[in-house]
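One structure, as structure tokens, below. Some questions next.
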Amino acid sequence: MNVEFAALSLILVFPALGVLFNLFLGPRLGRSAVNVVGPGVMFVAFAVATWAFLSILAMPAGSALYCPLWRWLEAGKFHVELGLRVDALSGVMVMIVTGVGAFIHLYSVGYMAHDEDYARFFTYLNLFAFSMLILVLADNLVMMFVGWEGVGLCSYLLIAFWYTNPEFAYNGRKAFIVNRIGDAGFLLGIFTILATLAHHGVWSLNFVEMQAHADMFDVTAATAAGLLLFLGATGKSAQIPLYVWLPDAMVGPTPVSALIHAATMVTAGVYMIARMNFLYVLAPDAMAVVATIGGLTAFFAGTIAIVQPDIKKVLAYSTISQLGYMFLGVGSGFFAAGIFHVMTHAFFKGLLFLCAGSVIHGMGGEQDMNKMGALRHKMPITFWTMLIATLAISAVPGFSGYFSKDLILEGAYESGHFWLWLLGAITAGITGFYMFRLIFMTFFGESRVEPDKMHHLHESPPVMTIPLIVLAVLSAIGGYVGLPEGLLWGDAFAKFLSPVVGNFKPAVEASPAMLSLVATSLGMLGILLAYIFYLRMPGLPMILAWRLKGLYELLLEKYRIDELYNLLITRPLFFISDYILNRGIDQTLIDGTANGAGLAVESSGEVARRAEDGNVQHYAFVYLLGVIAIVGYYLYLVVK
Amino acid sequence: MTIELVVGAIEAILMVLIGLHLSIFLLYFERKGSALIQDRVGANRANITGIGQKLGMPNLGIINTLVADPVKLFTKEDFVPEGADHFIHGLAPFLALFPVLITFAVIPFGDTITIAGHTFNLQAAGLNAAALYLLATIGMGVYGVALGGWASNNRWALLGGIRATAQMISYEIAMGLALVAVIMTYGTLDLQAMVRSQGGVWFGFLPRWGILVQPLAFILFLTAGVAESKRIPFDLPEGESELILGYMVEYSGGKQAAFMFTDFAEQALTAMLLVTFFLGGWQIPWLYRDGFHFPGGHFLAIAPLAVSILGVIAFLIKVVILCAFLGLVRWSLPRFRYDQLMRLGWKGLVPLGLANVLVTAFIIVATGGAH
Amino acid sequence: MPPILFWFLATLSVVSALGVVLQRNPVHCLLALVLTLLAIAVLFIGQGAVVVGFLQAIVYAGAIMVLFLFVIWLLNLPVVTGSTGRLAAKLLGAVGVAALLAELEVFWVPSHLQVKAAQHAAGYGAIDALSQTLFSEYLIAFEVTSVLLLVAVVGAVALARRTTDAEVQSQAGNSSRTEKAA
Amino acid sequence: MVQLSWLMELSAAIFAIGVAGFLSRRNILVMFMSIELMLNAVNLAFVSLGSRMGTMDGQVIVFFVMTVAAAEAAVGLAIIISIFRNRETVNADDLTLLKW
């Protein structure tokens, strides 16, 4: 059942108004106006989104709201009709984006209170929300791509928000360029889909129409399109091999890390794959690639997170790792589980970043965990909320992360990817270890805070702690919408999504309880190890690092992937550009030709210029000769 | 044919004589009238016989100004400075005077007159493009002063010449624009036709004079005319206090008299043109070919010949009154500064003239064409 | 136009044109040119082109030539004495001019001028007729001419301006300083 | 009766004088005047032919020539002034750079 729902456009309109307001009036009207408008538009959008979401819940399963806009472009038979669509899948995403987004906007009011470029920050933030909502609400691939590019731009702008620092600006560019590679893949994917459909006479990229004509894809086309789209997803969602930008993106303001680089934008890839599920189910190979990449990413990023000293870097690698889980989920065919994890991850990872931001804010900008410790008494609210988030991400039973991660691992196992399941389960242990390492190093133990920062240390203002509390509640209870089968209302979330993403069909029988037990045990083991390493025997990590020096440094230096890319791609590229294209072709061949032509003209001109002595009267005399000739010609005509 | 030619020649001579006599009147006014205005005695020498005083009349200085001064002027040494261009130095005064004198030829000083069966137009040269002729001759007048200033080999003279040239060219434009509006109003270039169309009345009593239709053009033309004749308040080229006498400084005797006469003749010409364009020319209010038709319905029959002669007299009276008015202006107003002069010309009169042309055109189109 | 008038004007215009070319003093050249222009103006009027003839006198002789006069004054050139230019070049030029003149004279002999003489319509050459043609057939050209004049004014001002704005300002500053000093 | 050919040959003569002046005089101001001579010679031809054919077109062309001459004089004289300011000469033999 599709219902036209014009109010959907309001979800876009309000952030857009916020952008215009903050851009043109914000700097003039000052902080208080921006404080009201910046988060305000998001709360209004959240209210409208809630209204839409409740409408869907009230309607029969599989219903959708839509809002046609206008015909955007037309090229031959191909045309793009812009439209907004909210079904179960995009409904969940809209709720995440507007809801989490609204609270992070609110949090930013406190976090950015001392920044000069306050209005610019909220301009970008609102612009991001606007773009993300376009991405989510789009009813066709082209419009989704517009949003996709828009969030990329905002990501770049916000990473390089403090652009006067050259390193930050560099990191912004890095994120942008790495994303470009993925975007190229995404675009090629769109072309592949369009080419396939157009070959059969369907000139549309509308999701509903594409799904209706899914039978036109053969396996090759579906695999090609799926892999190309997934390349886009690896860029946007920071998967192997394009994940390198995300850790560097942490130089942006922390609310940005929370909103863009944890809760919403980076999950766009997962959303896109879930949205294109009808395509992926046709291409098992592509699905396997997605699942494998996801599993590997989850594991590798987790191992890097173990040794990072920077609180935000830990969370960044943790994000990459969790995103890997999501791809493992959707790659296994359990799309609902992936989206479920997107949601719970948005709660707890958003919360973790906000808490980290709160800590950094309280520490006056310090991010090194070696210079923290024993903060739990100084910042109680931050501590308790962060603990809840950590329990959630570590998949401690009862917290939201437990339910979603469990579903994913179950999906991986039941779809036949035993090794990936094992990798995921081990990663669960690693997750528990590094997250509790973070908690212990930050809030427990002895204070290693530098003396001059002690007096500055304070709990954050209510405008920052309220979002923490809200998200903490959600992190704690958010998972109960998807209980294991047979328990109370069962997996309501998956049922809700199933009309859009289909039901998960297990290939291998397994006992969910056993799987859950293994993974949970590994998680608990990780937490226990962290407890031993960082609270009971604080010297142990040092010794271990010294003993396993090679491994430790390899992890600390993130497997030297950046260096590898430098060696394999950047340096050869520079070499080709400089030595072959620049010096070889440009300077020698083209410049040589041009200079040679110039030289030829110059030397012949040297001879010819003697006729051109610059004296006007000499020219005039030649002119006169011409006139005499012309008149003579006419005279000849007349006389004849 | 022959008789027309003879009459034309007589008319031309007559017109030049009128112009020159007006100049003499202005010369007298210059001396004696200014004295009256400034509460001085003025020219009071050369009272040869003393008869006037014996009869108890005030000393009018007539002999002084009209006999003694010219005699003095024409008997002075004709001096040409060293290094001057002799030919042009001698040519310049007459280059200045000549265009003014030939301009008198196109001014209609009366209606047609019929004597012994022959009908004559009281206009020396009945050109049908007289208004253009006017502009052309006035434009030629620049060369006299310009070359006079240049040929004297004197810095003050050159400065005066340059000032005069710039001033005359600038105000010619304003004058031309005023004239364009006038031409548009009457729909003709023929001055006699312009005067004719100023006959008759509006609302039964108001004479159809041009000043009532084109008041702004009148003011523009008056101002530009005064500036053209380089008299106070536009006497920057002569500027006695700064340039001694400007382009005339190296002239003496008859040549200087020619320059002076040019100024007076230009003043007289300005007066005549103003009368022709704006004050009805030779028209007398309510007088038609057969006599007076007073507004109340009264009628006074007059012979046609007398009507023509009355017209000539009316023209002369109007011109003399205007000449006197121009003299009053000359002795009443202080001199402009040069930049003020240029600003008035280019930023005041020219835009006003353009606006006037525009409004006139609009009204003509709106009321369905010229007459 | 009686032939006697034509011959008078023709002689006048040729002699004064030669005066333009042959006299040394630029002011004299200019005067000769004005005379040529006026003679040609009268030739126009004699052929019925009354308005154009007067315009020639007003615009050409009355305005453009005064501009020349101004420039001559501004430059304040010394009168050149002695020979200018090489004899060979002059001879070559003279040959060229003579060739052109010969060609044109042959070109215009009566038997080659096959123009059918037409009667002048009433009002030929008057301002009405000129305006009728100008504002109907040649309207676009007329409007373009107004643009040309505007461009010329702007161009002339831009070219003849002595200094840049900055220099003018600095000069203004200097002069005000000297005024204060005085 | 004035013959058309007389007028045309007068026009040709004045034109040739203008050409000669342009080629022989070194003072660019006088060269400029020679150009005006040539323009007027052509004007005379236009008016004469137009008058003989009884059309107004010749006169209209003359009108345009005058306008163009006015524009040309304004710009040309401005150029001469600025050349003189920079080079202190108006002798065409010394102005062979064709720029300033």
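Chains here go by letter, A, B, C and D, matching the order in which they are written, and residues are numbered from 1 within each.
Methods note: contacts are C-beta pairs under 8 Å (C-beta built on N, C-alpha and C of every residue); 3 or more make two chains touch, one makes a residue touch a chain.
A quick note: this is a predicted structure, and the numbers were derived from the prediction, not measured.
Undergrad: Work out which chains are contact partners of both chain C and chain D.
TA: Both chain C and chain D are touched by A, going by the contact rule given at the top.
Undergrad: Within the chain touch network, how many edges lie on the shortest path between chain B and chain D?
TA: When the steps are counted carefully, the minimum from chain B to chain D is 2.
Undergrad: Looking only at C-beta pairs that count as contacts, which pair of chains has more of them, B-C or A-D?
TA: B-C
Undergrad: Going by average Cα coordinates, which chain is farthest removed from chain A?
TA: B
Undergrad: Between chain A and chain B, what is the separation of their C-alpha centroids in Å?
TA: Chain A and chain B have C-alpha centres separated by 90 Å.
Undergrad: Just curious, how far off is chain C from chain B if you go by their C-alpha centres, in Å?
TA: The computed centroid separation for chain B versus chain C comes out at 29 Å.
Undergrad: Distance-wise, how many Å sit between the C-alpha centres of chain A and chain C, to the nearest whole number?
TA: Chain centroid spacing, chain A to chain C, equals 76 Å.
Undergrad: Listing for chain A: what residues touch at least two other chains?
TA: Expected reply: 621, 624.
Undergrad: Can you list the residues of chain B that touch 2 or more other chains?
TA: none
Undergrad: When you check chain C against every other chain, which residues touch at least two of them?
TA: Those would be 51, 55, 63, 93, 96-97, 100, 104, 107.
Undergrad: Tell me, which pairs of chains are in touch?
TA: A-C, A-D, B-C, C-D
Undergrad: Which residues of chain A touch chain C in the complex?
TA: 621, 624-625, 627-628, 631-632, 634-635, 638-639
Undergrad: How about chain D: which of its residues touch chain C in the complex?
TA: 1-10, 12-21, 23-27, 29-30, 32-34, 36-37, 40, 43-44, 47-60, 62-64, 66-75, 77-82, 84-85, 90, 93
Undergrad: Of all residues in chain D, which touch chain A in the complex?
TA: Residues of chain D touching chain A: 19, 22-23, 28, 31, 92-93, 95-98.
Undergrad: Applying the document's contact rule, which stretches of chain B touch chain C when the two form their complex?
TA: Where chain B meets chain C, its residues are 85, 88, 128-129, 132-133, 135-136, 139-140, 142-143, 146-147, 150, 158, 162, 165-166, 169, 172, 189.
Undergrad: List the residues on chain C that touch chain A in their complex, please.
TA: 92-93, 96-97, 99-100, 103-104, 106-107, 112
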